[in-house]
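In the two complexes that follow, chain A is the common piece, with chain B as its partner first and chain C second.
Let's turn to the complex of A and B:
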C-alpha cells in the first residue's frame, strides 16, 4: 500500500525541482532516485529496503534517514494515544458499569446522552471546540504544542472522547449479561457485598467485551492521531506525516505507514496478553 | 400447626411473590406456606414454571430485580422475620444461616477466579484471615465434599473441572459456614445418573454430620423417595398437597399429585414434562379464578371453579401427630374430614 501511494502522491521529481529546471535536469534526478527503472524492479527494491526498515533518506529533511526522523517523533504519538485510550477507559467503563447497575434509571439515561454526544462529535471538531472554549476563551490550557501535562489534556480528550460511547455501551451490555448469570447469583448467595459483586465478580468478566473492541479499534485510533496532532500542533508522527505529504517526502510517509502498521500488530499482541491475564480460560490455548 | 414451634427452623406463611412482566402480572408464588423442621429434608416438587425457584429465591430475598417483588406473607428463621430485615442484615444471613445450591454447576462458579479463592471468599466474609489459613480451610472444604487431590484442585479454575466436581465445589461453598438451612434447587438435573447418586449420598452424609435442614427442589419423584422426609407439591404458584413422603406415595390425595405419581412408572423415572396429564399448565398471567388445576382435572366440580379450595387433612393423617400431617387443597376431601 505504501508503495502504491508513491504513485498516487505525484511525481517526487516534479516536487523537488525548481520551476525553471530543464528536461535534462529532470532526467538526471530521475536516474539518481532510481525512478527510471521498470515498476517491478522499483517494487522489489522498495520491499527489500522496507523489510530492513530502510526507506532511504528523507527528501525534505536532507541528510537524515526517513526512519530516524519517524522514530524521533514516535514517543510523542504513543504518549498521546495511550493517554487518550486511558481517558476513554477511565471515563467509559465506570459509566457503563453504573448504567447497567441502574438500568433504566437516571444514571442510565445520563449515560445514553454521553453516548450520543460521543458519537456525533468528530475528533477534529471536538478538538477545535476545546481549543476555542478551554484554550482561547477561558485560557485554562495551552492551545497548541507540547511540553507539560497541560498540553496533552485537550488533544487526549479530543482523541479519546470518540471511543467513550462505544466502550461505555459495550461495558453496559456485557455487565447486564454478567449480572444475570448464575455465578453472580451464587456470589450474592454467599453474602458478598453488592460493591464486590459489581466491581470484582462481574466487571472482571464483563471487561473481556470492551477489550476485544479495543483490539479492533486500535488501528483507527492510531490513524485518528494524525488529525488530532495537526489540530493541536502536537509534534508527533501525525504532524510529521502531514508535513511529509505536503513536501511530497515519500520515504518519510512510507516509514510512518510501516510504523503505524507495526504499532497495530504490537498493540494487538498486548491486547491478547491482557486477555489471558483477565480470563484464565484463554491461558490454556 | 400442631407440632412444637421450637422444632421449626424456617416457617413460611402465605408467601406471595409477584412478577411484573410485559404480558402482565405473574403470581409466581401465590400464598405458599410450609414449615421446615430441624434436620429434615423437605422436597418441593412440581412442573416447570410452577414457582419452585421463585419460592426458594424469595426465602433469601434474591428474586430477579426489578421485575419481581415479594408482596406479602412471612418468612421466619428461628422466629425472626426475614422479610423485614435490611439488606445488610440479609447479607449476614445469606451463606451463614441460609445457603443455596443453584441448578447449573456449569455456570454457578465464576470463570475468572480459582475455586480455592471462591471457597475462601465465603470464609473471608466471616472476618479477614491470613491467606495461608484461607487456603487450608478451602482445602479442608474440598476434602469434605470428597474432591480427590484437594491440595492441587484448590488452585484450579472452574473450566479445569468436570461438571460433577464443580457441583461439589458449589456444595462445599454452601455448607462451608454450616448454615441452618440449605436450599438445593434441582442440584443434579445436569449431572449424569451415577454422579447424581454420588452427589445425593454426599448431601445426606453432610446433613447427618451438620444437622442442617434441607429444602430439596426437584422434578424427580425418584429423588424425592430417596432424599426427602416430607414433600410439598406445587402447582401454578401454590402448594396443592404436602405430607410425609411415604404417605404421599401411598395415598396421593390431590388429582394433580395422583397424576404426577401415576406418570412415574418407577420411582427412578424423571418427570420433565407430564405428558400423561391432559392439557397444559395454565398461562401464568391468566390463572383460573378457582382451583388452578380445575381446567385439567378429571374430577372437577362446579364449586372448584368458584374459589380457591383450602387445605383439607387427608384420611391418612394421624390425629394430632405433627410428623404425619398430610393435607391437600382439593374439594374431593371436603366431605371426608
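Let's turn to the complex of A and C:
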C-alpha cells in the first residue's frame, strides 16, 4: 500500500530538482533513483527492502535513513499517545461507572453533558484554547515543545478528551447490562460489599466493551495525534510526517506509514491479550 | 473515523430512556438552521462585510463587549476582515463538503454493502477485506497524500472523505442486508421472476433507508470535524477561502494578541457538531432502535 501511495504522491523527481532543471537532468535523476525500470521490478525491490525495514535515505534530511529518523521520533509519539489514553481511561471509566450506578441521577446527566461536549470539540481547537487559558492566560504550563512532565499535560488532555466521551458512554451502558445479570445478584446475596460488587465483579466484565472500542478507534487516535502534535509543536512522528509530506520526502512518509500500520496491528493484538486477562472465559476457548 | 459511540439499549431497564426519544430537539434544529443552512443559502444577505476583502486600517479589532464596536461584532483578523462575515461564508464550505462527501460516500458504501450482503461468497470477502483495510488507514495520511498529489481543492477533500466514509456505510448496510436477505418476501420476489438488480433496488433498498438517514445525520458531524481538521493542517480548501478550520489555523499564532480569530470559528464548529449529534441521537431513537449499538 505504501508503494501505491508513493505513486499517487507525485514524482519525487519534481520535488528534488531546482525549478530551472532541464528535461535531461530529470532523466538522469530518474535513472539514479531507479524510477525508469518497469513497475513490477520497482515493486519487487520495494518489497524486498520494506521487509527489512529499509526505505532508503531520507530526501529532506540527507544522510539519514528514513527508518532511523522515524524511530528517533517514535518514543515521543508513544509517550504522548499513552499518556492521553491513560488520561481518557482514568477520567472516563469512573464517570461511566458512577453514571450507571446512579442512573438518571444528577451524576448521570452531568456525564451526558460531558459526553456530548467531548464528541463535539475539535481536538485542534481544544488544544489552542488550552494554550490560551492555561499556557498564556494563567501561565501554568509551557505552551509548546517537550521536556518535562509539564509539557505533556496540555497535549495529553487535548488528545485524550475526545475518547473520554466515548469510553464513558460505553462503560456506562456495559455496566448497566452487567449490573442486571444473575451473578451480580448472586454476589449481592452472598453479602459481598456494594463497593466490591461494582468496582470488582461488575467493572471487570463491563470493561470488555470499551477495550474493543480502543482497538477500533486506534486509526482515528493516530490522526488526532498528528494534529495535536502539530498544535503543540510536539517533536514526535506527527510533526515529522507533516514536514516530510510538505518536503515530498517519500521514504520518510513510507516509513511512517509502515510504522503506523505496525502499531495498529500490535495494538489490536494487545487488546486481544487483555481480553483474556480480564475475562477468563475467553482464555479457555 | 468511527461515528460517535452510542449507548446500547439492551438492558431491560434501559429500553426507552425518558426524555430522549420524545420531543424533537428544536434547539438543535434551530442552531443548525441559523448557523449552517441559512448562512449557506444566503451568505450575502447575512454577512455585514466582504469575507475576503478586509479594511487594513481596521485590522485586529476586538469583538463588541471586549472593547470593539458593532461595526465588527466578532472582531477582525490580521488583514482587517470581519470574523462574523467569514464565519457566515464558511458555513457553506462545511455544509457543501459534508453533504457532497456523505452523499458520494453513502452511494459507494451502500452499493458495495448491498452487493456484499446480498451475493455473499467471494465478492463479500473481498469487499469486507477492503473495508477493514480502509478503516485501518488513518484519515490524516490519506489526506496528506491526496492533498499533495491532487493539490488542495474541493475535489481532493471530497475524495478523502469518500474514501474514509464508504467503509462505515458498507459495513453497516451489509449487516442489515444479511438479515433482510433471509426474509420470505425476498424468496417470493425471486420466485416471481424478479432479477437480482430489481430485488436489490425495489425490495432491499426501501428496508435500509431509515438506517441510511440516521447514519448520514450522525456522519455530517463527523465530516464537519474531518473537514475542519484537514483545513486546519492546510490540506483542505486553499486560502483565502473562509473554511472554519483554516480560520482557526490562522488565529493560532495570534492567540495572545487576538484570541477571537481562533475562538469564534471553533465555537461555530462545536455548536453545529453538538446540534448534529443531538439531532442524530433523536433520529436514531425515532427511526431505528437497532442502531443504538452503533
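As a convention for this text, the second predicted complex is superposed on the first by the 285 of 285 C-alpha atoms of A that agree within 3 Å, B and C clash if a C-alpha of one lies under 4 Å from a C-alpha of the other, contacts with A are read in each partner's own complex, and residues count from 1 in each chain.
By definition in this document, contacts are C-beta pairs under 8 Å (C-beta built on N, C-alpha and C of every residue); 3 or more make two chains touch, one makes a residue touch a chain.
Quantities reported herein were computed from a predicted structural model and do not represent experimental measurements.
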For this session: Quick one: on chain A, after the overlay, do chain B and chain C clash, or do they fit? Just give me the call.
Result: fit
For this session: Examine A:264 and indicate which partner it touches, taking first as chain B and second as chain C; both and neither are also allowed.
Result: second
Exercise. A:193 contacts which: chain B (first), chain C (second), both, neither?
Worked result: first
Exercise. Now for A:201: first (chain B), second (chain C), both, or neither, which partner does it touch?
Worked result: first
Exercise. If you stack the two complexes on chain A, which partner ends up touching A:183: first (chain B), second (chain C), both, or neither?
Worked result: first
Exercise. For A:227, is the partner it touches chain B (first), chain C (second), both, or none of the two (neither)?
Worked result: second
Problem set entry | Per-residue contact with chain A, leading partner among chain C and chain B | C
Exercise. Thinking of the overlay built on chain A, is A:116 touched by chain B (first), by chain C (second), by both, or by neither?
Worked result: second
Problem set entry | First, second, both or neither for A:172, with chain B first and chain C second | second
Exercise. Who does A:278 touch here: chain B (first), chain C (second), both, or neither?
Worked result: first
Exercise. Once the shared chain is lined up, is A:136 touching chain B (first), chain C (second), both, or neither of them?
Worked result: second
Exercise. Least CA distance chain B-chain C after superposition, rounded to whole Å?
Worked result: 9
Exercise. Across the complex, what residues on chain A touch chain C?
Worked result: 1, 5, 8-10, 103-104, 116-117, 119-125, 128-129, 131-132, 136, 165-166, 169-170, 172-174, 176-177, 180, 213, 216-217, 219-220, 222-223, 226-227, 230-231, 241-242, 245, 248, 253, 256-257, 260-261, 264
Exercise. What does chain A use to touch chain B in their complex?
Worked result: 181-183, 185-194, 201, 204-205, 278-281, 284
Exercise. Which residues of chain C touch chain A in the complex?
Worked result: 1-2, 4-14, 17-18, 133, 135-141, 144-146, 148-149, 221, 225, 228-229, 232-233, 245, 248-249, 251-252, 255-256, 259, 262-263, 266, 269-271, 273-274, 277-278
Problem set entry | Residue ranges of chain B touching chain A (in the complex, touch as defined) | 60, 62, 87, 91-96, 99-100, 102-104, 107-113, 121-122, 125, 157, 159, 170, 173
